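Pasting the structures here.
What follows is a pair of complexes built around chain A, which joins chain B in one and chain C in the other.
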Partner chain A sequence: MIPVTRDSGAATAPRADSAAGGTTWRSITPGSAELDPRGYARRRRLLERGLAILVPVGLIGLWQLLASSGALEGNYFPAPSTIGSAWAELVESGVYQDSVVASMRRIVIGYLTGGLSAIVLGLVIGSVRLLRVALEPMISALYTIPKLAILPLLLLIFGLGETSKVLLVALTCFFVVLINTIDAVVSVSPRYGDVGRSCGASRWATLWHITLPAALPQTLTGMRLASGLAVIVIVGAEFVAADVGLGFLVWNSWNLGVPEHMYVGIVSISVIGVMANMILRGVEWLLTPWNR
Partner chain B sequence: MAAFALSTLVLGVLAACGDGDERDASAGGSSALKVGYISGASLAPAFVADALGCYQKEGLTVEFQPIRNPADAIAFLSSDKIDAYVGSPSAGMFNQVAKGAELKMVASLGSVNTPDGEDAPSGLFGAKSVEEVQDLKGKRVGVLGTVGTATSYLLGKSLEAGGLTFGDVELVSLALSDMVPALKNGGIEGALLIAPETQKALDQDIAHALVDSKKAYGTSTTAGIMYGPGLLKDDRATGGKFIKAAACATRQMQGDWRKDTKIVSALASFMKVPETTISGGGLYVFEPTLAVNANTLREMQEMFMKVKGTLTYDQIIPSEKLIDDGIRVEAVG
Partner chain C sequence: MPPLPLEGAAEAGVKIAVRAVGKVFPSGADSVQALADISLDVYDGEFLCLLGPSGCGKTTLLRVMAQLERPSSGVIEMRHDDPSRPLSAVVFQDYSVFPWKTIRDNVIFPLLQTGMRRARAREVADHWLAQLDLAGFERAYPDTVSGGMKQRVAIARALAVQPELLLMDEPLAALDAQLRLLLQEKLLALWQANQNTVVFVTHSIDEALLLGDRIAVMSARPGRIATVIDVPFERPRHPDEIRASPDFAALRDEIWHRLRRELQPA
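Up next is the complex of A and B:
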């Protein structure tokens, strides 16, 4: 390791090693980060925030410019201002609210049903070795089935109503959360259990006070992954088997040759995904204070 | 949002720079065409013209590109990614033309106006609990796609025959193959079926025809050929050759063409279905003139305008903006 000395004077070039085995010193001139660390940090934060805002604004501006000048095919790549007007139109007519509410309802009910049942089942399967050995291969096999592929079967069994779509979301979330929960429970150090037992903790107390908190971070990561998949799968289902929802809005707008409405749907889906992720990160922050 | 804006920009630029393959015209006068198509027996002449030697006769090399969704075809056609589209007009086409896209219908193909004694290959079917069209009021009715497709127009005409409109029923968008099972399990109580689903519903005693389709929409022609700016403006001669070839195949498909093994074999091979599906399927009628029925396009717009959000304009587009009859007249006479 080369020692560094602080020298407020003029910068000096690194010196070549003077003698074999001798220590080489190098001087650096203190920059703004060293002379005014708080000011530097403030400017740096400002720059980062500025970039986070300016880059999207710049890209949207460029998009607007290219679309207005005709460089982009306006019929299929409408300008952001056109999309904005279309958004306002859809809100005014109520179509937008209906679509968002329909998709959100399917996502929330399916996500909570699938996710919460998977946590309960995952804790049990992860805690009982024989159960895990018996069920894990089947769970892995079922997890890999593309859930959209079984939508026609769900429609056949449960009809064309909401049940089939909610169930599709629930099934998608279930396996992701289940696998993460089982893995999380299995990864809990046996030492924690030993400590619990030596303190006379019952099985229930061990599960509640030791296994669950220890497994929670990874389980919540599974919940976060599942939320993204829930959005993706409901959009796919609404493409083929719905007459309201954001997926239907995207698909139908394309079919009707109104791509500006399609973009409204796509942006909304993306916003829902981002918001779900933020909410779940908040939940994670609240539930796992030791993990902050 | 930045990622979305960036991906849209990249896609837009890629679309603008995309391969604008020019039609090849070799020294021998042979022209190559890219034709997008939706598979269906109502469009048969365009598909069997190759096997019947009609394209060769016109010096055409046709590359067919399957398209699953009519909206995709309209996008490809208006941006010259394909030269012609063999399929059906739709609300998507009307909306794009209203925005200034250059695409027009140049010829028509099959209709359900079959001879007496021959069932129409499509129609409005009702479950056993439904006796007549009026019984469908307030009930769930299956349709391929949503309001705005050519099939929805046929359904609208069938409902009209019984005094109903789209507003009187609850439309359920379903794939064609899901309709008979949905009729069976009570998911829907009516559906616009297309052969071979019509026969399946009758054979399994699940549903029955509610309307005489020949009366409801026998003279309408929703199957046809559409051209984009390339064939409409720059190379009308090649456009004429394609229509001549389609007319050549149509002339050989008069009467019950399902008995012609050469045609059945060629169509089955093109559509990738067993020959029995064609020979035992519905009969479509092909007029040798290939004349487009302007009235059908007007009626489609009128019907779709009544359903809010389907068309983005409120004045019927005049037929000359949707149909270019000049190429057909010159080619077929």
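Up next is the complex of A and C:
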């Protein structure tokens, strides 16, 4: 073993040492991020924002180029410019607005009734052990059923009207949010419950001051998942059981052989999904200030 | 309150009478004997430390006193003198401050449970936060401040309801050594000003000697009271003087040798 000391050679003349023994020195110095942290962060942000916008724009540009040069079959992949003008036509005729409003109405009503009732029930089921034991197996069983599979049943019971479609969205959201809420409540650290009990908190105070806020982040994650599923399921339902809506627009355009209208529908659906996600992230930001 | 069943219990000034308390936790097919035949008196206005190695059941004993657990055998009698004040408040080890409430709202929470109006609760909370040097942080969320400050919030939350009995479960164990010294001084000053009855669980001999009037040394598996030591230091105490005194070193050695015997298998 070489004793770890700091005498003579090494400390006084390290460079000379390196020349003699073939040792190399590695110097660690501040880089551009350290020398100009503000400027570096600004350039970095600019680059990231730019990439997030330029990459999709570039891809669409490439698509346009390929389509107009004839490399892409126009009947399957119409050029973005063709889709754009079809979009304008649909807006002008009012068909587009009707489709969006119809779909959004079903999504929003179904989502809110299903999601909010699931939060209330989830908080109760999660906090009362006997209720949880009694209901959990059934909830898991119902959760696994693909909700589109019960659409025919809903149509049979409620007919072709709005009820069946709104109910389908509500059921879809209900089970996702319910399972997430129950799980969130169960995993609240028992220590917080101890604090409540040692302060003599009532059942209601415990639910409001401890269980609800402690479970809120995961519950809101469930709400965000549910919003995506709501969009998916309403499009499916509108394919087969609607005469207005974005899903109907896509399906009908296939029947009529107008591919650019299909694309208008598809893009609109994805925009709704993205917007819902953004809104819900905003809600999370507002409701859970301690997690900011 | 019925008269206490066992000898010596009728003694005046007894705040908590622990009589032959045992606690068994079922664990699978087995069971773990956490406490066995614990008998102990806690007197009015005293600062009692429960000292012992980890796993000796000292936290379990405290949780039984806090009515968070029930004993498997025996009985604990606690005298509640003033119905307008809560009998006890607990300071937990850590992770007990609600991260979703601001520091002020954390202290307000137990006050609201006693039926106090929000406006009044807010004044009381701010008073105790100032006592624990947290003025100016009322609106901050706990996760944005240091561990030492979070633990001071937990202490303020317990003191704010002005309990007759303060139960503290290793409140300083999660803090680094320097912060710990500072908070020990703070606790000492607060106790000297308020004179609550305190039961304080710790595994630190120094802490027990510095803070306690008496130290109940516990042994492990099953948890029993090995011995009760009277701490001879006068009040008011000055931490630095006490740590420097020869009595302190002698007592610490004595307790350490006793604990060491408990820790080493024969």
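Here are some notes:
Simple rule for what comes next: the second predicted complex is superposed on the first by the 264 of 292 C-alpha atoms of A that agree within 3 Å, B and C clash if a C-alpha of one lies under 4 Å from a C-alpha of the other, contacts with A are read in each partner's own complex, and residues count from 1 in each chain.
Here is the rule we go by: a residue touches a chain if its C-beta (ideal position, glycine included) is under 8 Å from a C-beta of that chain, and two chains touch if they have at least 3 such contacts.
Since the model is a prediction, treat every value here as computed from it, not as a measurement.
By the touch criterion defined above, A:269 lies against neither chain B nor chain C after alignment on the C-alpha atoms of chain A.
Once chain A of one complex is fitted onto chain A of the other, the partner contacts of A:177 are absent, as it touches neither chain B nor chain C. In the superposition on chain A, A:200 makes contact with chain C only, not with chain B.
Of the two partner chains placed by the overlay, only chain C lies in contact with A:189; chain B stays clear of it.
Once the two complexes are laid over each other on the shared chain, residue contacts for A:229 go to neither chain B nor chain C. More residues of chain A are touched by B (comparison of chain B with chain C). In the superposition on chain A, contact of A:240 is made with chain B only, not with chain C.
Of the two partner chains, neither chain B nor chain C is touched by A:100. Overlaid on A, the two complexes show chain B and chain C touching no common residue of chain A. Chain contact summary for the complex, chain B toward chain A: residues 1-2, 4-6, 8-9, 11-13, 15-16, 69-71, 74-75, 78-79, 90-96, 99-101, 140, 145-146, 148-149, 171-175, 178, 181-182, 185-188, 308-312. The touching residues of chain A, counted against chain C in their complex, run 189, 191-192, 194-195, 197-202, 205, 209-210, 213-214, 216, 288-290. By the touch rule above, chain A contacts chain B in their complex via residues 55-56, 59-60, 62-63, 66-67, 71-73, 75-77, 80, 93, 95, 152, 155-156, 159-160, 240-243, 252, 254-258, 263, 266-267, 270. For chain C in complex with chain A, the touching residues are 66-68, 86, 88-90, 92, 95-96, 98-101, 109-110, 112-114, 141-143, 161.
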